[in-house]
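Below: one structure, written as structure tokens.
Labels run A, B, C and D following the written order; every chain starts at residue 1.
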Amino acid sequence: MEKETARIEGFSDGVFAIAITLLVLDLRIPATENNDRQTLVNSLLKQWPSFLAFSLSFFSIFIMWVNHHKMFKQIYRRNSMLMFANGLILFLATCISYPTALLARYYGTPSATVAVAVYTGLFVLINLAFNLLWSTASRDRKLLRPAISDAAVRKIARNYQYGLPVHLSAFLLSFCWAGGALILCIVLWTYWAFTSGRLDLPDEKPVSVP
Amino acid sequence: MEKETARIEGFSDGVFAIAITLLVLDLRIPATENNDRQTLVNSLLKQWPSFLAFSLSFFSIFIMWVNHHKMFKQIYRRNSMLMFANGLILFLATCISYPTALLARYYGTPSATVAVAVYTGLFVLINLAFNLLWSTASRDRKLLRPAISDAAVRKIARNYQYGLPVHLSAFLLSFCWAGGALILCIVLWTYWAFTSGRLDLPDEKPVSVP
Amino acid sequence: MEKETARIEGFSDGVFAIAITLLVLDLRIPATENNDRQTLVNSLLKQWPSFLAFSLSFFSIFIMWVNHHKMFKQIYRRNSMLMFANGLILFLATCISYPTALLARYYGTPSATVAVAVYTGLFVLINLAFNLLWSTASRDRKLLRPAISDAAVRKIARNYQYGLPVHLSAFLLSFCWAGGALILCIVLWTYWAFTSGRLDLPDEKPVSVP
Amino acid sequence: MEKETARIEGFSDGVFAIAITLLVLDLRIPATENNDRQTLVNSLLKQWPSFLAFSLSFFSIFIMWVNHHKMFKQIYRRNSMLMFANGLILFLATCISYPTALLARYYGTPSATVAVAVYTGLFVLINLAFNLLWSTASRDRKLLRPAISDAAVRKIARNYQYGLPVHLSAFLLSFCWAGGALILCIVLWTYWAFTSGRLDLPDEKPVSVP
């Protein structure tokens, strides 16, 4: 059976690759008036929230791409709902640069909680969109790889079960403790990075249905 | 028969993916002087025309890509005119970020009608370019997939028949009612999003002509 | 025989697609202070050099991509010199946005000749790089598609023979008549656009050497 | 044996292509107040550090892409560590535009040493990431192409053995002689460009393990 989703994957990969690279445009060099060495070093060091926000968002999009890749490895057919869910994921991935810039600008100011709430709120939406994608794909198995086992479908769903509650907690926490909300996200993303290798399914080789 | 258009599709996908992602660069965070929380929340809320323009343009390019994808699935050969029509579509898709920025800046001001006229005018041109592409491709069937049926060719042409008149109406309406012109576009795009699944042709599997 | 150049083509397509789309970032909306309708219309109309420069550069990169595509269709192997010549083409294609912005800013001012000289000068370099690529590829036929005929190699070389002298003339002309230099470029690019279809070689189908 | 790394390579190519093209956004045309010809020529000439920084960074990313390509030609399987090492390389490649802008802004000022130290320091990190990638891939040969010879694995490792010490020396040198540190980098990159052709392995053709 031919995979119907090849061009969707290619387009999605393109959007992820561009969204992840465009983040660097918000890393602006300090606008110092004089060319003094110490001034430059100090201005560079003061930019740490920009570097932190850039790094965080870079790895979050990278993890989104890995997850997207894994799901689409099992998806062989498409319908309108799947196209919509995928479009929503790409839309939200593209948006990430906006709250990243907010975080870089307002972290360490009294408005940090607003910036972190927008940032973590976006990840709540991203988790909802990924859940929509996988539930659309796995409903009745019609869109999935023919030979996929029940265990494999459950394994993928299970790996993302922490996503929504953790990001929701981070969103709620952000209103009182901005730093804590970010730490919560970093812990989850690190967990995902380390367990992503284990998600490889034993029967992953492509099947050729006559 | 080998598809001659594979590298054209890859290049076009790249341009669509970049054009759709670059839109986010016009979502600039508010330039507030102080770091007060309430000021930031208010500035964010006041940016709603930017968010609206970004979302609208994102989904319009996404729909363009889906349509492009569907047409090229049936196109197997190329000539100079097809290359030109495709180049025109990519040119116009790239342009979309300009009226999007106009819309974000001037919506809600006395100049809204100018911004919406430019915005909807661009979509009139885009529809003309898509019509040019499909009429070039389907003239004499020389460029199409060998086994394609008359019904399939008509089905594709029919799905886009509302495009030109609706966008033209939106363009004309924009001079007196900017909001109405945008609503007209949204209605059409939503219709396309919902009917795009139905466009799949029954005989879509690739043929291997000896 | 496997094509060794597939990933080079993919990477080059990516760079062309991004370079062509990034051009739009120099199309900035007018920075009007008031929101008056007439002011906006006037500011938009005054931007015509920006629209002209953007359109010119978009189509010049599109033509570069078509030419690149045609040459690489015949190139099956690579060496260090070919990699270098291709890297140079990509470098110069990426650069185009800089003289495009110069042209948009200074066309119609006393400095127009400087802007057009830089612009046409870059295309002289681009032609040299394309000549380097094709002469590297066709020297001894070692890098070309095995079954390619002498006539086909000459046909490709001949199609580009006008490139260097015309762009050189445009460069020299730009010092005294900026508009004329641009017209010369447009005439050549239009000629290339119309003749590009004729460049298709009769024996273009891929060969499978045992 | 199917190559498991195809989509990783595609995504990485995308990020390299975008990172290399985005560099041009830091080539800003001079902001001259008057439109005088001589003023424009002088402003253009004064921008030479920008052109130098852009060219240097463009070719450094191009060389990174060539190296990445060569390594992945031998890598057939993936694990979490390989994904992480590759993500790190993409992250650092994306970052290059930041010290490039620093170099363009501060070269020729008293702060040049700071800019060059950040620039060369980033390349030290890039070399560490490439070493991590290759040592992960070649440990026990589990991830490599099945038929690869010991000589081939050593040949690749040997080609990069100068990378870390030379970039480290450039980093240390940058604190006292900024220009010298850049020259050291250019010498190494030129050496890599010229020897990259020799890295082609005799047994490079893909094997089909039953």
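Just a few scattered comments:
In this section, a contact is a pair of C-beta atoms (placed from the backbone, for glycine too) under 8 Å apart; a residue touches a chain by one contact, two chains touch by 3 or more.
What you are looking at is a predicted structure, and each value in this text was computed from that prediction instead of being measured.
Under the contact definition stated at the top, the chains bordering both chain B and chain D are A, C.
Counting the residue numbers that touch the partner chain, chain C and chain D have less than half of them in common. For chain B, the chain with the farthest CA centroid is D. Per-chain CA centroids place chain A at a distance of 36 Å from chain C. With centres defined as mean CA coordinates, chain C is found 26 Å away from chain B.
Chain contacts: chain B has residues 10, 14, 18, 22, 25 touching two or more partner chains.
Looking at which chains touch one another, you get A-B, A-D, B-C, C-D.
Those residues of chain B lying in contact with chain A across their complex are 9-10, 13-14, 16-18, 20-25, 27-29, 35-37, 39-41, 44, 55, 58-59, 62, 65-66, 69, 193-194, 196-197, 205-206.
Interface residues of chain B, counted against chain C in their complex, comprise 2, 7, 10-11, 14-15, 18-19, 22, 25, 79-80, 83-84, 87, 90-91, 94-95, 97-98, 101-102, 105-106, 109-111, 113-115, 118.
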